[in-house]
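All chains are identified by letter, namely A, B, C, D and E, in their written order; residue positions are counted from 1 within each chain.
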Amino acid sequence: MDTLIQQIINGLVLGSIYALVALGYTMVYGVLGLINFAHGEVVMVGAMVAFSAISAIAGINPGLPGWLLLSLGMVAAIPVCMAVSFTVEKVAYRPLRTAPRLAPLISAIGVSITLQTLAMIIWGRNYLIFPTTLSQDPITLFTFHNTVADAPARTISLTPVQLTIVVLSSVLMMGLTTLVNRTKLGKAMRATAENPAIASLMGINPNAIISATFMIGAALAGVAGVMVAANYSVAHFYMGFLPGLKAFTAAVLGGIGNIYGAMLGGLLLGLVESLGAGYLGQLTGGFLGSNYQDIFAFAVLILVLTVRPSGLLGEKVSDRA
Amino acid sequence: MSNTLLSIRGLTKRFGGLTAVDAVDLDIAQGTITGLIGPNGAGKTTCFNLITGLYTPDEGHFQFKGHRFFPHNPADVAKLGIARTFQNIRLFQTMTVVENVMVGFHTQSKAGAIAAILRLPSQRDEERRLRDQSLKLLDYVGIAQHANYLASELSYGHQRRLEIARALAMNPSLLALDEPAAGMNGSEKLQLKELLLRIASDGKTLLLIEHDVKLVMGICSTVTVLDYGKVIAQGKPAIVQKDPAVIEAYLGGLHHAG
Amino acid sequence: MLAELIPEGQAQAMSPILSIEQLTVHYGGIQAVKGVSFDVMRGELVCLIGCNGAGKTSTLKAMAGLLPFKAKRAVYNNSVDLNTLAAHQRLALGMALVPEGRGVFARMTVEENLDLGAYCRHDQAGIQDDKERVFTLFPRLKERRKQSAGTLSGGEQQMLAMGRAIMGRPDLLLLDEPSMGLAPIMVEKIFDVVQSIHAQGLTVLLVEQNANLALQIADRAYVLDSGLIDFHGKASDLILDPRVREAYLGES
Amino acid sequence: KDVIVKIGHIAPLSGPQAHYGKDNEQGARLAIDDLNAMKIQLDGGTAKFELVAEDDAADPKTGAIVAQKLCDMKVNGIVGHLNSGTTVPASRIYHDCGIPQITPSATTPKITKQGFDSVFRVIAHDGVLGVALAKFATADLKAKKFVVIDDRTGYGQPLADIFAKQVQAGGGQVLERQYTNDKATDFAAILTSVKAKNPDVIFYGGMDAQAGPMLRQMKQLGIKAKLIGGDGICTTELSKLGGDNVGDNVMCAEGGMALSKMPGGPAFEKRYKDKFKSDIQVYAPFVYDATMTMGMAMKEAKSADPKKYLPKLKAISYKGVIGTISFDENGDVKNAPVTVNTYGAKGKTPLTIIQ
Amino acid sequence: MLVAVALVALPWVVGDLGNSWLRIVNVALLYVMLALGLNIVVGFAGLLDLGYIAFYAVGAYLYGLLNSPHLTDNFEWIAAQFPDGLHVSLWLIIPLGAAVAGLFGVLLGAPTLKLRGDYLAIVTLGFGEIIRLFMNNLNAPVNITNGPQGIYMIEPVRIGTIRFEKTVHVFGLDIPALHLYYYLFLALVLIIMVVSLRLQDSRLGRAWTAIRDDEIAAKAMGINTRNVKLLAFALGASFGGVSGAMFSAFQGFISPESFGLMESVIVLCMVVLGGMGHIPGVILGAVLLSGFPEMLRHVVAPLQEQLFGEVLVDAEIIRSLIYGLTMVLVMLYKPKGLWPERKGRNSPSHTEATT
């Protein structure tokens, strides 16, 4: 029981991060139909910039409390991420608006390699130790009574960092939904998503909307990057790859282009991975272990897509003929 | 009727709460031109989509050339001998005009992967034959001079003609045209009318959705009028045209007068 | 020369809202519009007719900023140079296009589409009034207000596209084949609408294949052929012109 | 007169393992400096050693291309590659063109069992390390219950397998096998399930970049078990990567003597830091020794010609930073000592040496 | 004709510059096969496949398992059947590799049929990863793939009595194995190219393009989209399988790390960068993207040395940077690829007609 609950918590923490990153994928996909392969790199940039900022600030003013440092780190990281994303869109994607569908994808892959290399030049190849800002000591939420003597305490716990991750991403996600549904910007985003040319006839500036979309996604990715680094205490130029891949998977699972889908997909993927790693052994009588965790996750994805070809919440694109 | 090519009974399609096609009965006689008209949103295109297997009917029975069939899958329907054009033109944009027509010959040809890889004489003959026939068809619809353009480079009206040529390539028993005259001016419509009549006189059966009343009334032997998914009138054009319900729902004053 | 073509009543409003000289439009290496000149006077209903592929759509798209073009002169409202204006800046200046093939936002509801038409406006009350006006013009849209536009029938989409343009309260409406794919009763309706909004003072540049109808409601017309203006004149003259009758009205 | 002696060094310098690669390269650079300082006389002149450093991106195919390039260049010897996966295909190429190769860090046992007499290794292979660690865990630590985790790489998996097998042979019990990958940072799920098993010892077959965060997460979950692992986690970096959960609960083995125990050890560490302004990652000392060993063989042979110095290399006995290096008939370093380290206030410290 | 002479002479010319160039050429040829295979799926049929490398892996493992001691070492009954070890002839392995990979293509393709565009991409990506993960993990409970350690000692290609090893005497000539591989790969590339060209310009090729342009219209033309798509998957996969088998033989060692996601991505880049759907373009893309980084390897460091007298920025960093930026720039300036197909009004025949 304790294990199950703990695994669910693990899954939620992981899933919150996936969801934050997946939102960026989904929003960009939504407006441009582009898989922004370089989105994972924005996560990395967020972590790296926060690393530099926090190290610098803590160097000047060692007495500052952790939460403040972390916030300052984010304040530094978010604009940089947004600027990077803005520039990338403008330089590498915008000229390809009318190009064949795969051209921007290849451009994005090129950007991804470039950003990684730049990060390697700026921050070096080594793993960076991300300063501890929020405590990583567990808060015990619940203790079970032991039935066996001398067994370790059976507890359910969560660290402040993890708590922050979950809370922060929930808040951000709620904010984003409001933005997209309630504001004019949101409507303009959806219009641009469908047809930028026609949107421009409505007086919407598609370029501005697309830039805004990229920057919002980048801000979320930046937050995710900082939180990932804070949670695992490491930052590395390659750290964007895995969350990027996972978040992309999550976005598709939920129905790419749909922001609720990204959130649901992210959380679900986190849970599937966590429960898969934790229980695959038991489920298969020890035949398959956690080495099949990713296979399991992909199998779930494929299964979902066979039943629902547009993801969980993706709208069925009606084929009017 | 013995010479009924396609007969439909009780065709029904619902989208959520909306019944787009509501218990439609339709008989198409061999060798005729049948008109399907009705106000916008009446369910005409939906009928086409149902007959050609793009949508699955909620209810309905079909008989084609005297045999029962159920349109599950567009490819099967096509093989059966029903070809269509689309209201919102659907050409193969990156292919040339002549290639588009050659795709239309898909069911008429058979060379497979092996034959193609080995360039068997039979395959080469077939290719040559297809190309020749395609060019003839393009000539037939009057756009042979654009054979090597990309389909996307054609203007709207020419794209419509290409769609007809592509559908004809399937050598269909029934050719279903969804608003072929849309976007054409009066004289172009006249040319189209000639083309359609020629196709009919060459032995094809036509099912025609069209909003140009003059055209429909001029060439159709029977007309079915849909409104809100239901058949509100059916019969000879001259009679349908005078039906008050049709005037009210579809024709309006202008055409009534003229 | 123009003066004599323009109906008496409108002579006082004889300032051009759109003035184009030597417009050319290219698609890659292909020239679709090869040097077209025309004017639209404030309050006029001008009609552009021509065969398939004559370049009508290309001309309108160029006006709306959807296609790059070259022109010796392309001036809107006496002062605005269209060469320097991005597409999205035009509606705010009063220029709206209802594109060929309607271009409704398929994944949005009818109502959202209408709201987007008023994207540039900020007068909530006025927007609401105009929406009601659109719904009165096209009751079908009111019935379908929550349906996503992609599932509307062709005719319904055309109504929506028109309605959406009206929501922007334009001064100049560019209409690309509004009757295409419409039932006769609907064509009648659309032309009524065009006529009535024109009567209310809106300037209209209408591209139509249904030359017969178009010439009946237009003040003046230009005839386009293979990317060039063949001739132009008063609509009431052109409708009787044998060249027009043969080539565009389908009478021999 | 200078005689140019080219030593090829190959490691991933781009991609996710670039930090290990650069570390290795820097180890080699130090050795090249030292060799040059020694003004070795050979082939009728003073040897001027040059390092040809190449990137194989940890990709076997690229590794083979680079190997071919170095063959074409007729380098005098090879130090590398870093990964087993690149070393194996490359070794065939070096062998075919008769260039001796010493790998400083590729630890798969098979490398030296291909029957190539020109392939050497200065590091204890996974067999040695795994067996030693298992002995240590069952005999010294008296641990009974184990959970074994590996990163599914060509390094971590065999090491973990050998450990698990040996532990069971020694009467220990492997409660569970868990797996992760070499790019992961989140281990909460597998650790939660490990926690339920309540082992004495967790063995990790993998690298420090994963072991560090893993240690932090063990603490977060309240896991008290000890973590032990091989040379991949046996780094000074680990104490930083793993934060305050890196102490005497962590034990790791490395082939060779502990750096701090060797005469040249601390000095080497300091020189490295001074020169490259960064900490040693993992294998730099091994690369240094491999390069030095090769240089020494040339010195003894008075020639940089492979045919001449290869016999000397086979028979060499060189006192290096990590211990005395001499090779057995396979080319593996002979009775390499294995040092088990733990972590204390001053970072990594040797605990015992298993001969 | 000139081209033919050039192609035959190439290895001797290039071989003189250094065998590494020839190895680069050989690897490029393997990529050409891969890219041509993927081109069928992506370029012709418009199905975005991000897991294509799985078929390469299947071919590689098939060859590896059937031509190495791995199976006989691990399965007694196989050893009993084949006391001399497994040696499967090239004439059998090529069709077998194509067939097995093709079968996998169909298996992978089947569940993706209903999916569109980018959903297809992620599912294929997932399949690719699943295959790699299976290869990485199927070393226990029975050791089928040897897991992350990969398969060693894979025999080189053998045609009759000729073993593609070191230098071979044929027709009284001494031909290095690299040259023989070159001719073998070239022959395969030519076959695959001709097959591709013929397929493209056929009823099937048109059906693929039709599906790519408008699936609904294609269906309405009576095209059985399911079968035609599966055929694309199968044919594309079979080219990948052949390429993989050749890679296995050429390399002598394979491990799952050679078949990661990035590899699929790179092959996709080759197809798109060269000119999707256009066979000469795709070949160009494959040659460029596989050769380019290796060319940079030979250029970047020496150039810096010439210009500045020393290597200022690490060569591999510049290499990655140029590689990434090139992809962006090519797309920006040539969004349809470096050598796209020209059809329609812009086609060569049309421009000729007008001038």
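Before moving on, here are some points about what is shown:
The rule we apply is simple: a residue touches a chain if its C-beta (ideal position, glycine included) is under 8 Å from a C-beta of that chain, and two chains touch if they have at least 3 such contacts.
Values in this document were obtained by computation on a predicted structure and should not be read as measured data.
Of all the chains, the one whose CA centre sits at the greatest distance from that of subunit A is B.
Farthest chain from subunit C (centres taken as the mean of C-alpha atoms): D.
Subunit C and subunit D have Cα centroids lying 75 Å from one another. The distance from the centre of subunit B to the centre of subunit E, each centre being the mean of the chain's C-alpha atoms, comes to 44 Å. With centres defined as mean CA coordinates, subunit E is found 53 Å away from subunit C. Averaged Cα coordinates give subunit A a centre that lies 35 Å from the centre of subunit D.
Chain contacts: subunit D has residues 13-14, 18, 152, 179 touching two or more partner chains. Under the contact definition stated at the top, the residues of subunit A that touch 2 or more other chains are 117, 120, 291, 294, 319-321.
Chain contacts: subunit C has residues 30, 151 touching two or more partner chains. Subunit D makes touch with subunit E in their complex at residues 13-14, 18, 54-55, 57-61, 64-66, 68-69, 71-73, 84-85, 88-89, 92, 96, 108, 110, 114, 152-154, 156-158, 179. On the subunit C side of its complex with subunit B, the touching residues are 27, 30, 49-54, 57, 100-101, 140, 151-156, 158-159, 177, 180-189, 209-212, 246-252. Contact residues of subunit B toward subunit E in the complex are 52-54, 73-75, 77-79, 83-84, 86, 90-96, 99, 102-104, 106-107, 109-113, 115-117, 119, 123, 126-127, 130, 148-150, 152-153, 166, 170. Interface residues of subunit E, counted against subunit D in their complex, comprise 18-20, 23-24, 27, 136-137, 139, 147-150, 152-153, 166, 247, 251-255, 257-258, 294, 297-298, 314-317, 319-320.
Taken in their complex, subunit B has these residues touching subunit C: 15, 37-42, 45, 87-88, 153-158, 179, 182-190, 211, 213, 249-255.
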